Structures are given as structure tokens and as C-alpha cells.
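Look at the two complexes coming up: subunit A is in both, with subunit B in one and subunit C in the other.
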Partner chain A sequence: MTSFIAGKLGQYLLVLWIAVTLNFALPRLMPGNPLALLAGEEVNLLTSQQRAQLMASVGLDQPLLVQYGRYLQNLARGNFGYSFQKNKPITTILADRLPWTLLLTGSSLFFSTIIGVTLGAMAAWKRGERGDVGLLGFFVFLESLPSFWVGMLLVALFGVQFPIFPTFGAMTPWVTLEGWAHVEDILRHLALPLATLTIVSMSGMFLVARYSMLAVLGEEFITVARAKGVSERNVLFRHALRNALLPIATVFALNLAFAFGGATVVETVFSYPGIGRLVYEAVLNRDYPVLQAAFLMITVMVVFANILTDLLYPLLDPRVRHAVERGGAR
Partner chain B sequence: MLKALSVFTRKRFTALAILLTLLALVIGACAPATTPAPAATSAPAATSAPQPTVPPATPKPVSLRLAVLLDEGTLQPYTYVTGYPGWNMLSLLYDTLFIMDADNLPKPWVAKEDKVSADGKVHTITLRNDVKWHDGKLLTSADVKFSFEFYKKNTHSRWTPPVRNFVSIETPNDTTVVITLPAPNPSFAVQPLADVPIIPKHLWESVTDPKKFENNVGSGPFKLVEYKADQLYRFAANKDYFAGKAAVDELVVPIIKDPTTVFSALKTGEIQATTRELSPELVKDFSAAADLKVLRGPGFATTMLQFNDERAPFDKKEVRQAVALAIDTQKLVDTILLGLGTAGNPGWIHPASPFHDPAIKGEYNVTKAKALLDGLGYKDSDGDGIREAAGKKMEASLLVQSNNPTRIRAAELIAAALKDIGISIKVTSLEPNSLDAKVWPDFDVAKGRDYDLTMWGWSAPLQVNPVRMVTLVHSNPATGSVNIGAYKSSAADKIAEDLNVTTDLDKQKTLARQLEKIISEDMPFVILWYADGNYAYRPAAFDKWVYQKGQGIFHKLSFLPNVKP
Partner chain C sequence: MIWASMKRNPLGLVGLVLLTAMFVMAVGANFIAPYDPTQLTGKPFETPSAQHWLGTNDIGQDILSEVIYGTRISLLIGILSAGIAMLIGTSAGLLAGYYRGILGMLLMRVVDVVLVIPFVPLMVLLAAYLGQNLWNLIAVISLLIWARPARVIRAQVLSLAERDYITAARALGAGDRHILIRHILPGVLSLALAQFVLATSGSILLEASLSFLGLGDPTQKSWGTVLFYAQARNAFLSGAWVWWVLPPGLMITASVLGFALLGFALEEVLNPRLKAHVATEKYREEVNRKNMRDSQHERRKTTPKSQ
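Coming up: the complex of A and B.
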């Protein structure tokens, strides 16, 4: 078991190093540079000396290798640098946005998983019947809806036509609310973006759960369980769903990791202060430090999610557990 | 419908529902503790200052919520982001020595007058003696001198170029500033005087890294009392403003990043105005709404088709003329802008500008366009509908910004129009920064270019000041800093050089018209249109907007309706 974990850890460190390097290289490979961002508007009026001075002020005049070395050095010290655009430490920027992002993407992941897996399991159970076909059609339809369109539709309906929910932001920024009123304000602002994100993401979970259940339900041990007289409910939950859980857990863990990356389109439509929009703006402006830090965070979370699933598998599936134990004893 | 539902008993469902609600509440409740702490940048004497006891007769304070689309950083001269509306927001906090009036003419503001010496090089500026900083200290000539020197030393793209050539700045007394220039500058009143913000010496003199300095004390009609990054700015009227208190007591500026959402919020009344122009499709709907008003006026921002004047076949004047003749600009205005705009004047200057020569007009004539190409011997010899120029097919790629649907539509229509005269155009949509890297690498025209044709546009300030036409056409990259097509004409260069040092307004006009004529004949670019500005707002909240010609409603003077500079 220990050598299994050590081996995995080595793999993950390698993956992390490659990711860090790519995070450094990719933004710089894009055409264009952050000069406009550094200089502000009317950058054309600057002399070439002034331009060089601006680029030098953030170390972009150095050879790439030197920049890379500095980046690794700073990273090792936990220093993510300053955003070119916002003139603030990146840790502050990310810390400001992460709670909002996780509130939105996390709760959406939660709801879409519950709804998707429940309905997916039920649909598989009733494979081919009217309910299954109906659900399948419905979710394929949902899957095909673009999120900005769903968002705009919800705004038009529940923001403008029937003004039940606010149309933008994570809270009413111009009033200071306390206690319950504050929570209510946040929940009211969360409603439409959360609904949008859940609507567009639950079909993925539904499809995974349904297919994974179908595969399990076809196995002979299900027939055996039934033949033994195990109740339908026990067959579904103790025998089938338990075995169908692996792919679901994998998808869930990965989605959880990507939840840290935010939901760019939904954040934009609702002007929600999340990470997705931050990254998008950083790409447009070539704000290298923000890109590096945000991508790094997402990478780390994905690696972390993988570790989590690797550790979770043995718990969920005895077969994996035994294989690991055998491997460890060798 | 589904029997399996029975396995999810009602009891379980209720328990689950309660669990979910609790979870949501917990997450919700913990969020505020970690959200951005407000007001990191508040001006000292701002929010918390206790209001003097208000007598009951005082009218209700006017509060206005006006949305912008982008965060403008900590909103001081080194951190604001956009020319519009960032500069305009900045100008609520900081003053300039002159101000552009509703007709875009520079008028004295913090300065009472600017006396120019006979040789045009020495400006003696007299300041008002009643202008105070937000912290109560008096604004003096020392602050002006300090500001210009600070901008010279700490590079900023907008503030440094207009002040970097000053020979000297003297301050004989507290209200007099004497600036000596190396050569006469016809734009001096517009830029720097009506453009460069004056900053308080006593707060900035120890600043070494201006981008990280978080302070918003200016002398403007508003004080910044709150900034929540990516969420909002809150301004409060400066009661001691020298030109009188602003007509709005509290200005709340939420940041809404999606234009569609901005207009939804305007409809619901969550906001009452926005700096964003109404898109043509919405004008009718918003004009008809009972609680909304739309203010419309000419816009000086240009939309154009830019040639790479160095690349064949567009290095030939006749080819560029043929392209211009083949494009029906009025039809573009009617189809794309639903008529809410002015068709392009081939000579660059907006027809509503006093500098425009009414004799210069655009022309749409496909027959003439074909004749021009035929005259060059560029004919379609193989019958595929595409002409050949010097043995090469007349094919070109037209770049367009992927985030700009209006320009993409225009590019498609232009491609169709050029097909009619035998030129094949492939429309290529690129992310804006990547497009800039091809068209205007490092924003330095001396670094060359790699494109055939591109959709382009310049913002209003380039139109407002006719002298800036020089930067558009001069062949020397140092002077022609926005001549992105590498247009070369010795005749244009000569007039441009004259215009660049002419301070007399009538002479400026004559020269500008001569230049306009040359541009309209050489066609270094095709001006497609100038879109009208349409600004929607809720009049019940505030109805004193002033439309500044070509530029819109969001500027300092809208909030000072009783002041006529």
C-alpha cells in the first residue's frame, strides 16, 4: 500500500511539473503581449524606450529561461506575483473570487449530481420503457442548450418579465445588509445562475449514471441476486448502484476539480464575480501572472481529484482493494 | 410513471431536501465573511464623515445607479483601464486645467486663462484660487508643476507623451504656471490641458510605484467612498466643489460584465443609466418604454476597412478606390445599424464636425469600380469570377475581431460586395489581441504588419481633435503613430507637418480640409460609418444629461447642469 502511494505520488509530481511548465509557456506562446495592459490606452504614443521600460518593470525583458527560473523560484516561495491588470497580489484576487466560484459551481455540482444520478439510475432500471425514453430525450435536449441562452432566457423570464430574482451580481452591492437579510440576498442572487448551471450540467451526470447502471444491470450477479429473492430495492442500491459508482465517482471528482475553474459563460451573463470570468479577461489581456496562477490552481485541483479517486477506488470497489493489497505485498 | 420512485420514500426525500437547504444556507452564510473587504481605497474624509443635521426643507438627496462593463482598478491616474468610460470616471475625481465643453471645444476650468506668447512657445496659465483637494488643502501651481513632472518621470501612455517635451515649468506664484514648449503645439489646450489630471503633490510626492498607490484624493466634483473590485464604485458629491455641488448626491456605479444583462437591469430598474451605448436593435423598444428615455446624438468613433497599403494589390491607389466604390456604405448603415448612424466620409472627418469640407462625399458605383480595375489590366482571364493582378488571383484575407458581431456582419457584406467586382475575400475572425499582433504589432507602426485587409475603428478622441489626423497619415512612424496601413504620400506628409504646428483655428481648418481631400482620393482606408450614440436611462432618477457631441452623456458636465464653461 505504501509503495503504491509513493509510486502514485511520484507520478503526480511529474504531472505537476509538466503542468507548471505548460502554464508558464502557453500564455507566452499566444500572439500579442501585455504591453497594452501595462501602458494603458494610447500605447502608440510611447517611445520605444518607454515601452521597453514598461516591459522591464515586470521582468518581461528577460530571456524566457530566466523568466521561467524566476517563476519556479517564486512559486517555491509561495509567491504568485502581481496581476498586471489589477495591480494586486494574485493570492488576494483568487481568494476574493474563490468563495463565490465554489458557492456557484459547488452547489450546482451538488444539485446536478443528485438529480442526474437519481434520475439516471431510475431510467436505467426502467430501460426502454416510456419513462426512460422520455428522460433520455429530455436530458439530451438539455445537453444541447447553450448556457448563455438558458441564462438569458431565465433573466428575461424571472428577472424582467416576472421580476422575482435580481439579474446580476452575487449580492446587492450598494446596500449593506446584515444577518439573515444578507444570506437571503446572496441566495436570491444565486438562484438564476445556479439554475442555469445546473440545467446545463445535470445531463452529463444523468448520462454517465444511466450508462454505468445499464452496464451493471446486465451482469449475471444481478440475475443471481434476483433469483435469490433479494428485494428490488436492495438489488438497485446494494448490488447495482454500488457497482455503478466507480465511473460516477470519477466524473464527480473531476467535475469537483474543474469547479475551481468557475463557469465563464454563466459568470459573464450574470456578472457573477467568479474565477472563470477572471481567467477569460486575463487571456484577453495577456495577464500572464493571473493565467499562471489560475491554471496552476486548476491543475493542482485536478491532480488532487485524481489522488482522491485513486484513494477512493479501493474503498468503493473491493476488487481494486484486493489488487492493491496484492501489489503491495509483492 | 416510474415505479422505482418507490425506493425513494417520502421520508428520505424530505430528509434530503432539508439537508440540501441547510447546506445551501451554510455555504451562503459563510460566503460573506470571505468576500472582498469593502473600501480599501476610500478617500479619508469621505463616507463616515457625519452629515450635518439636515433641515427638513432640503430636497431628497439624488442617488443614481449607473452601470459600467469593466472594472477600472483602483481608479487613479495610473490604474484606470479604459479611455471610455474609465477616463470619464477618473474625471469625476480629478480635475484638468481646461475642460471640453458640449461642443468639444477646450474651455478654462481649474485654469482661469492660458496666455500664449507671440512665438507660440510660452504658455502663462493663471489658476483659480478657490479649488480645494478633497482633504481640504488648496490646489496651487505647485501641484500643477508636480503633476506634469510626475507624469514625465513615471511613464503612462496617455499622460506622459503630452508633457514629455516641456522645456521648463515655472511657478512665479501660487496661481501662475509658466510652461515653455520646444515648438508651438496647436493641441495644447486639448491635451495636456483638458486631458491630463492634476494630482495632489502632498500625497503623491513620496510615491515610487504609482500603480500600487491606493489613494483617490482629487479636486473633482465627486469623492470615491467605496470600491469593491469587480462589483462597484460608490461616489459621493463633493460639497465644496469650486463649480458648485453636483446635481447627483450619490453615484453608484455597479460593474455588469454582459451588455445584455446591463439592459435587462435597466429595464427592471436595478440600474438607472449606463455608459454603454444601446445597440440599434434595442433603440425602438427602449424609446417606446414609458419609464425610459433614449438620448441620441452623433458618435465620432469610426468603423473602417483598413488596407495594408504596402501589400499588393492594395498598394495601388486605383485598387483601393475600386474597393471603396464597390461598398455601399449607406446600405451598411441601414442594414447593420438600422439606419442609426452616418455613412462614412471617405476623407475621415465626421460630416457633423466643423472641420469637414461638405464638398467631399462618398460614392457607390460598381461600374466605375470595375472600370478602374479593367483600366489596370486586372481582368478575369480564366472565367472563375476572380480577376488576376499581375498573374496572381485577386484574393485577400479580411481580418475581423471575433468579439465584435457588428464588424463580422459588415465584413461578410463587404466580402459579398467585392466578389461582384471580381475580388475574392476570405473573412478571418481572430481574437482581438491576436489580431492586434498582426495588424499593429506592439502598437508600434515601425514594427511592420502582416495582413491584407482588416476591420478597424478609432475611438472618438482621434476625431475630436483635427490635429490628430496627422498621426493617421504621416509616413514617419514617429509622427504617424497610428498609420497602421503604412500609407505614404509626400503631399499628405507636407500638409500634416504644417497642421502639426498651426495654432490658428482658421488655418487649422484650411489644412485639415486639404488633408481630408487627399485622404478621400488616396483611400488609405475606407471609412464605413460613424455609429450614432444612443443612451438609455430612467429619467425619474436623473434627467439632466448633456450629450457631448460625438462622445456621449457620461462626462463631468452632465452632473453640473448649471455650469457653462
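Coming up: the complex of A and C.
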């Protein structure tokens, strides 16, 4: 257990370190005014005295190693610096945005996994028949769709042609709603972005679920279960699906990076106020410190979700659990 | 041989047809497109007419011509980034599979790390710092997509390195370099080709996303860039989405699908033993297995469709 988890943790720490170091190095390596790259284009409007002050406060007058140490120190304290454009500490901005991205990505991961795994299991059950071939073709097609385009089409269809759902933001602005009306408002705003993100991310789950089900259905214990007279439904969901879950969990973990990346694009289409949308705004406004912080935040979320999935492994697979209990032969 | 197996794979053929159409469009853009897409040939926001089949954009450029010329840029970026990624991925896979010591371990660690980092935000970050031009876009995409092919190639190298003829070559005094380049590389080339086609599919999609976020090369409009302007000018709030949003998106989907289908088919044809994430192959394999089982104990009444 410990060696398995430690190895994984080491890998994730490495990911974080690379992301952090990239963030540190990029503005300092690029040609141009590093102060503008660190504090945003607004610095050009400052007086030379203010600029010198800012320079000192960001620490650009120090040797690189000292800057790096200070940078790490600030991050460890959760201090991402200050956005001169939004006139707010970046930590506050991130805290405002984070819940929306978690809501969108989390619910989309939930639905795409449920839909993908169920349909994948059913397709495997009907392998080679018309329904299976149809589903397979359909999901390969879904995988080829650009997410932002799906979003734009949904806006055109369900926002403009048939105005059923709101297409902008996460809540109705300028009104204060209470209780259930508030929840309903949030859910209605979530509908289209959620549908978009789910449509583009469920095909991966489907393909893997289908394949690992096919592998399991060929095993002898399935034949035995049938011979015992277990109903087909129970064979599928109790005996086969449970054993097919491990590869599915692996792909789920790999999908995380994809889902959070996809959220960046989808949030942009729907002006959904999450971290991904923040990335886009920061690019448009050349607000580099915010861009960096948002990227780092997304990386942290992906890593965190990966760790959760890894901790789930022993629960899913008794073989891993036993190896773990025996003291980690892995 | 390849052609004969391709004929038996209808999906692969569909991919080939789609891609042929795309390449014809890319190469012959100057003959096919009615206008030069950089010229102002109409009034802004024109609706479709005999002069402009897909109307004009916000500054009066012909959208149909933009889409046709966009094929060049999108395919160029997709193919070049996939090509560079395959160079990196194949080398990394070869080295990691052959030198299983520290070097191999380190390389695979790097691969694992690249796979966990969220692509799109990192690409946005890099593109924003490096500046918006074609070559930066290609560099950024290829630097991020090489890890998956590296893994697949490594798996193949691991199995190749155990073969008798490698042992024989080594016994005859062949050095590592000779074995890697003369004996192992040829064994992974066909796999690398299939991976290249699949990577192209992925990088076209990534390029579209980046350009849609406004990080494409503004002087070289790809399909994603056309959609960026459509989004920025709220094309989907009016009827304009039908001629401004639909066509470029359909082109992206068609080319991504084309490369994916061709890639799956190639993987199957060139590497029948490979157990990668290939949908069509899995499907075929399972039909065979089912045939066998059905003849063993006729549990199911439906006969599988013939291929």
C-alpha cells in the first residue's frame, strides 16, 4: 500500500512542481518586459516610481534563486499575487470561480460515467448485433466533435430557436432568488454547459466500458453463473460489470485532465463563471498573473481528483486490497 | 495486401474517402474557392446568396472561401504537430522500451506526468506567452501529445526486445544502436504510422480549440479561427449560425473522424496482434469469439452478421 501510494504521490508532486516551475520560468524567460508579464499590461500606465516600487515588491530586483524561493513560499501560503486589472487578490478571484467549475465538471463526470458505462455494458452484451454497431459508430462520431462547436449549436437550438434554457452565466443577474427558486435558477443555467461537456466526454467511457465488459464476459465464471441459473440481468450487472470496473476506473482517472481542459472551452462558450472562463478572460486581457494562477488551480484539481481515484482502487478490486493488506507486494 | 484488408473494413474506407476530399480541398483551394478569403468581397454580415453561398463574415469576407482555405491551415497544423509528436514519441518509446534501467524509468515518469497535466489550459498558457503564430501553435501541440504514442510504442518495443532474433543479433556482436535502428525500429514503424494518423485526428481537434479561444494565427485562418470570430460576433444569436457556425464545425468533425477511422483501420491491418484501445478491432475480435462460442453451445439464437 504505502509503496503504491508513495509512488503515485511522488508522481503527482512532480506534476505540481513542473506546473509551478513553468509558471515561474515563463514570464522570466520570455522577451519583453517581465514586469508586464508578471503584473499585467497595466504596469505601462504606472509612473516610473510606482513601477520601481512594484518591481521591488514582486522581487524582480533579486537574484533568480531568491525569487524562486519567495515564489514557492507565497504559493505555499495560498498567496497567488494581485490582479491589477480586476483590482482584487487572485486568491479571492479563484475562490469565487472554483465552485462553479467543480459543479460543472463534477456533474459532467458523473453523468458521462453513468451513461457511458451503462451503454457500454449493454453494447457489450449485444456484441456484434445491430444495436452494438450503431452505438459504437455513434460514440466514435461523438468523440470527433469539437466541444465548443457542440456548445454553440446547443446555444443556437435551445437558447435562441427554442428558448428553453439560459445560455449565459451561472445565475440570473440582478435578481436575488431564495430557496428552491435559487436552486432551480442555477440548475437551469447548468443544463446546456453540462449537456455539452457530457456529450463530448462520454465516448471515452463508453469505449472502455464496452471493451472491458467484452473481456470479462468471455471469462469462465460468467458461464458458471449462467449455468447456476442466475438471471441474465444479474449476470450482466452483478457478475460482469463489477469485474469490468477496474479498467474503467483507470480511464476515469485519465479522463480527468481531459474533463477539466474541456471545461475551459465549454465555460467560455456559455460565459460560465468558472476557472476555465477565467483562463479565457485572462488571455483576452493579457492578465498573466491570473492566467498562471488559473492554470495552476486546474492542475491542482486534476491531481487531487487523480489521488481520490487511486485511493478508490483498493475498494474496487479485492486483489489490490489484499496485496495492500499483505504489506504492499507491489 | 493493405488495400485488400482495407476493402474489408468499410469504416476505414469511409475515413479514406473523407480524407481524400479534405486533401483535394486543401491542395486545390485556389481553384475551388470562389474568392480570396482575405479580401473584402461583400458587405458585412451578408446572408447566403448566389454570390456568397455561405454569406459573408463581420467584415465582408466570403465564408465559403474561408472554410475552404481553412482546410489548408487546419490540416497543416494537424499533420505537422502529429509528425513532430511522433518523432518525439517514437524515440522516447524506443529508448524507454529498450533501456529498461534508469533511462527507461525516467522517460516513463515524464510520460506519466505529461498525461496528467491538463492539456488545454497549459496550451493556452504557453500560446499566450509564446505569441500567436502558426509555428508556436504546432510546437505547443506537439509538445503535449507525444506521450500517448510513446506509451504504445514502448509496449511494442518491450515485446520485440524479447524475441529470439534480437538475442541472435546480440550474440553475433551487434551493438545497441544497431539493434535499435536496424531490428527494432522497423518493427514499430507500422504501429507508429497508425499512431501518427490517430495523433493527427487529436491535434486537429486541439488546434480547433486553441484557435477558438482566440490563440490561433490571425493571419492564417483555420476552421477554429473562423468559429472564434463567429462566436465573438454572436453569430449564433441570429440565423447566421446556419451558414457561419455549422460549416466549419462540420469540416472539423469530418476530418477528425476521417483520421480516426483511418487510424483504427490501419492499426488493425498493420498490427493484428495489437491490443490497443481500438474500437473496431475489439468489435471484430469479439464477433469471432462469439462465433466460436455459439457453435460450442448454441445458447443464443441470433446468428452474428457476416463481415
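Simple rule for what comes next: the second predicted complex is superposed on the first by the 212 of 330 C-alpha atoms of A that agree within 3 Å, B and C clash if a C-alpha of one lies under 4 Å from a C-alpha of the other, contacts with A are read in each partner's own complex, and residues count from 1 in each chain.
In this section, a contact is a pair of C-beta atoms (placed from the backbone, for glycine too) under 8 Å apart; a residue touches a chain by one contact, two chains touch by 3 or more.
No experiment lies behind these values; they were computed from the predicted model shown.
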First (subunit B), second (subunit C), both or neither touched by A:153: second
Which of subunit B and subunit C A:169 touches, first, second, both or neither: first
Partner chain(s) touched by A:30 [first = subunit B, second = subunit C, both, neither]: both
Contacts of A:182 with subunit B and subunit C, given as first, second, both or neither: first
Partner chain in contact with A:136 - subunit B first, subunit C second, else both or neither: second
Which superposed partner A:268 touches (first subunit B, second subunit C, both, neither): both
Contacts of A:69 with subunit B and subunit C, given as first, second, both or neither: neither
On subunit A, positions contacted by subunit B and by subunit C: 30, 130, 152, 155-156, 159-160, 268-269, 284, 286
Contacting residues of subunit A [partner subunit C, same complex]: 11-12, 14-15, 18-19, 22-23, 26-27, 30, 37, 124, 127-130, 132-133, 136-137, 139-141, 143-149, 152-153, 155-156, 159-160, 207-208, 210-211, 214, 218, 226, 254, 257-258, 260-262, 264-265, 268-269, 276, 279-280, 282-284, 286, 288, 291-292, 294-295, 298-299, 302-303, 306
Complex interface listing, subunit C residues touching subunit A: 11, 109, 112-113, 115-122, 124-126, 128-130, 201, 205, 208-209, 212-215, 224, 227, 230-231, 236-238, 241, 245-246, 248-249, 252-253, 256-257, 260-261, 264, 277, 279-280, 282-283, 286-287, 289-290, 299, 302, 304-305
Residues of subunit A touching subunit B in the complex: 30-33, 35-36, 39-46, 48, 50-51, 53-54, 85-88, 93, 95-100, 102-103, 106-107, 110-111, 114, 118, 121-122, 125-126, 130-131, 134, 152, 155-156, 159-160, 163, 166-171, 173-174, 182-183, 186-187, 190, 232-233, 236-237, 267-271, 273, 277, 284-286
Touching residues (chain side subunit B, partner subunit A) in the complex: 1-8, 16, 20, 23-25, 27-32, 34-36, 65, 71, 73-74, 78-83, 86-87, 155-158, 160-161, 211-212, 228-232, 234, 252, 254-258, 260-261, 264-265, 267-268, 270, 431-434, 436-438, 440, 442-446, 471, 481-482
